[in-house]
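Next come two complexes built around chain A: one with chain B, the other with chain C.
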Partner chain A sequence: MRGTIRLATIIYAILIYGFIFLPVVTLVLFSFQATSFPIPPFTGPSLRWYETVLADSRLTSALGNSLIVAVISSALATLLGFLSAWGFARFYIPASAVLRGLITLPLTVSYLIIGMGLLVLFNAIGIPKSLLSAGIGHVVINLPLCFAILYSQMGEHQANIERAARDLGAREWQVLTLVTAPMLWPALFASFFLSMTFSWDEFVISFLLTRFETTLPVEIWNLLRSGLNPKTNAVGSLVFLVSIVFVLLFELTLFRKQRR
Partner chain B sequence: MWTLAFFAAPFIAMAVVSLTSHDGGGGLTFANYQQFFANPSYTQALVNSLEVTLIVTVVSILLAYPFAWILAEQIPERWQRLALILAVLPFWTSYVVRSYSWLLVLAEKGVVNNTLVQLGLIAEPIQLANTRFTTVTGFVHFFVMLLTLTIFANLKQLSPSYRKAAADLGAGPVRTFLHVVLPLTFPGIMVGAFLTFVLAIGDYITPQILGGNNELLMPQLIMLQIGRRGDFPLASALSILLMAVVTVAYLASARWLKIERA
Partner chain C sequence: MNPLVQVKNVSQHFGSMRALDDVSLDIAPKSYTILLGPSGSGKTTLLSILGGFLVPSAGQVLIEGKDCTSLAPAKRPTTTVFQDYALFPHMTVGANVGFGLRMRGVAGAERDRRAQEVLKLVGLPEAFGKKPHQLSGGQRQRVALARALVVEPSVLLLDEPLGALDLKLRRQMQEELKAIQKRVGTAFVHVTHDQEEAMALADHCVVMNHGRIEDEGPAERVYSRPASRFSATFMGESTIFAGKVGAADRIATPFGEWALATSAKAGSEIALAIRPEHVVTGNAPLSFGQATVRDVVFQGSFKRVTAALAKDPALTLLARLPADAAVQAGESMNFACDPRHVLVLTR
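Now for the complex of A and B:
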């Protein structure tokens, strides 16, 4: 009886792992396909599709755009999240709970609807579609997240240290940059890398808010029109690799924080 | 306050636009909403969306719960972190890429069909791509990972003393699970289910790539209004309807969601 249950759980776990990894393994495997269709039988390994990708100027520039948008929008979201979290944690603000709720509200709304709303708004006030508007969209979706992470990390003992700094004659901006920010740096890095990951992957908002110059997910979307193609596999695998790097950085910063 | 500007303003703009009409005729009207309810193919999209989302939510929970339970209770402590990271690794592939991968797997000559034919289980490849089945598979794949995470966290938070108490009072493992563990993790399941519902019903990519245009879901309908017809008022009205559905779902599950916070 016990043995059967044990066996059943092992089989179940293997099946679920299989289900979870099936698409990823397929993706990566057939990115090394030597012929032009990413379907069995596997004919590789070959790096020709990676060469095609790196030679494609649209894709490489989209990659650059993606990185720029991700870095700048995440930095901005982290900074704004930090300032608003600090404001909420240190000062008395009327109806604080309601306002905090409002800040985190965008987390529950579909990206499509946020993108849609921004599109309508930008149309109305005449901001053209561009990487800038997509970047603003990414700040909108990542700010609540940064706020939530940073707000949860601001405790009373830090407030005491800040007070001590103020007593010793530090100005408000000195307190913020020399005391508060260094104390919170793991949380700051964590929000930054998490935002990077989301911005890097984000599609709908970029799709709606950019026109000619665009980000990588949108460019991949355009590639999909040509049907199944090992080139898409190769880009997809590269994107996956970069995401994994972001996640690892995120994990590492969080891990270090836990150890302290 | 910056968020308020960039988050609230789009909504107000959207609400206003949803009341204007596409042909530029002046005045505010509810015509876009009437148009939605008058057109069966539009209401069908909402019904499709709800059906797919509900199927996805239920299937994902049924698959994820036992998995999370195995990870939390059957695997030795020191391997748990690694097992969990592995279990959610594909979570970090980009949305678009993940959907594309499923297309590869389920394509007419893809891995699954190929394997089935080779095994002699089916004579001809079956049509898997561009059906509701594919959309659901793509969604379930994503949400199994998400729910595994939330349920796992939930199971780990349970104090072992509950289980000991149940055992001391003479409950066997099955009864302990049914009467103690399951009810205690129920709020967590509800939170996960709500998250699944919200994310799935608002997603455009998965149904568009995997489901194709055979069966429209709400987000696809919205994008269609923007992309092909440039009809912002109707698209705004549809978005607001979609948000209304999510709000209703939130209110309906708020009872359970609240328990979690307490």
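Now for the complex of A and C:
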């Protein structure tokens, strides 16, 4: 009896993980396909399609754009999230709980709604569709996340440490740069890398808010419109690889913090 | 001598709560002042007001003759040693101690030299390059002290500095604090709820309760002649019983009429207290009568005895008898005291 239950749980686990990872494995596997169609039988391995991807200037420039947007928007989201978390944690703000709720609300709103809202807004105030507007969109979706992570890390003990710095003559900007931020380095890094992950493969907002120059997910979508070929698999694998790196960096900074 | 710090009629309200109620206090230069009281007595609030972390609802704070009531902490000649030490966790001990100097624009080499000097003063010369998390509680305490002292404040404020240490370390740090204070000559203001700490350290002991100063003065005086009932119970142990003033310095007690000098009006209800070390067995001018010994605890240099008094069974007499006194639980014996040891408490 116990043996069958055990067997059932193992099969169940295999099915679950298979369900989650089989698409990714297939994608990565057929990116090494030697022939022109990403369907069985597997004819590789070959790096042919990776060469094609890296030779495609539209894809490589989109990759560069994505990185730039991810780095700058994540840095901005982390900075703004840090400052707002500090404000809420250290100062008396009327209706603080309501305002904190409002700041984290975008986490629950669909990207489509946020993207459409920004599109209408940017149209009205005359900001053209561009990487800049997509970057602003990414700040909007990532700031609540950064805020939530950083706010949770600011305790009363740290408030006392800041008080000690002020007592010893530090000005407010010195308290922030010499004491508060360094104390929160792990949380700041974690926020930054998590934002990078989300910005990196974000599609809807980038699709709605960019036109000529665009990010990698949008470019991949363009590519998909002309049908499946192993090139899309190759570029998809590259996106996946970079995401993995971001997540690992995020986990690493978080893990290091917990060990201390 | 002009007072270094003058607190004038300071009150502090938090909503409807009165944390401090019209408190006035002078602190002399080079003195060691202890603010002693239970939690909620307002002692920490008063320290925060001295440090500039709170602006009082009413009243004035003068330091070195200058009005500092609403001056920021950094702008006044005080520094604070926080209860949880509040060391900068990401900096080395040397950088922690040098922080105040860095904020004052002192150059790196000079900063390190002075930080090293103060670390030597607090007995931690080898900790310069370590991080706070590598140190023990007592060592962190010393670093916090060094960090506050290095900027040479006129007044050093200590918020329950020994509260987190174990008893043995606390007694040892106590001695060192006193020695360091004598050496640097800075006025220390130290908040605690530990009366032994207060007696060991204080030049000037301030007993606080319910946001008011109950009693202040040299620790010895506060102990031997407490100004109020609260002060007598908080500073040391005692047996307290009721008395009623009769005519011509005679006070009616549960043990008969005692002749004691008092300035209280005839007919007023007062409290009398006797310290355990002043209770004797056998005969003395003022007798408590027969009592049944309830408990004897041998403490090495003395025996701590509690006894139920025949004349007032609700009252427990506390006595400190010589270590070689022949006394056993269940025994019935006579207790007495000398009139000069009886504390007459009109408040």
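Please note the rule applied: the second predicted complex is superposed on the first by the 260 of 260 C-alpha atoms of A that agree within 3 Å, B and C clash if a C-alpha of one lies under 4 Å from a C-alpha of the other, contacts with A are read in each partner's own complex, and residues count from 1 in each chain.
Throughout what follows, a contact is a pair of C-beta atoms (placed from the backbone, for glycine too) under 8 Å apart; a residue touches a chain by one contact, two chains touch by 3 or more.
All figures in this text were calculated on a predicted structure; none of them were measured in a lab.
J.: Looking at the overlay, what does A:Pro144 touch: chain B (first), chain C (second), both, or neither?
T.: Only chain B is touched by A:Pro144; chain C is not.
J.: If you stack the two complexes on chain A, which partner ends up touching A:Met183: first (chain B), second (chain C), both, or neither?
T.: Second partner only.
J.: Applying the document's definition of touch, where does A:Lys129 land relative to chain B and chain C: first, second, both, or neither?
T.: The answer is neither, since A:Lys129 touches no partner chain.
J.: Just chain B (first), just chain C (second), both, or neither: which does A:Asp167 touch?
T.: It touches chain C, and chain B stays clear.
J.: In the overlaid three-chain picture, which partner chain does A:His157 touch, first (chain B) or second (chain C), both, or neither?
T.: second
J.: Who does A:Arg90 touch here: chain B (first), chain C (second), both, or neither?
T.: neither
J.: Any idea whether chain B or chain C touches more of chain A?
T.: Of chain B and chain C, B contacts more residues of chain A.
J.: Which parts of chain A are touched by chain B and by chain C alike?
T.: Comparing the two interfaces on chain A, one with chain B and one with chain C, no residues are shared.
J.: Spell out the part of chain A that touches chain B in their complex, as residue ranges.
T.: Spelled out, the residues of chain A in touch with chain B are 6, 9, 12-13, 16-17, 19-24, 26-27, 30, 37-40, 80, 84, 102-103, 105-106, 108-114, 116-121, 123-124, 136, 139-140, 143-144, 197, 200-201, 203-204, 208, 217, 220-221, 224, 228, 232-233, 235-236, 239-240, 243-244, 246-247, 251.
J.: How about chain A: which of its residues touch chain C in the complex?
T.: 157, 160-161, 163-170, 174, 179, 182-183, 185, 260
J.: In their complex, what parts of chain C are in touch with chain A?
T.: Answer in residue numbers: 51-53, 72-74, 78-80, 82, 84, 86-91, 99-100, 103-104, 133, 147-148, 151.
J.: Can you check the complex and tell me which residues of chain B touch chain A?
T.: Within the complex, chain B contacts chain A at residues 2-4, 6-11, 13-14, 17, 63, 66-67, 70-71, 74, 85-87, 89-90, 92-98, 100-105, 107, 109-111, 114, 141, 144-145, 198-199, 201-205, 209, 219, 222-223, 226, 232, 235-236, 239, 242-243, 246, 250.
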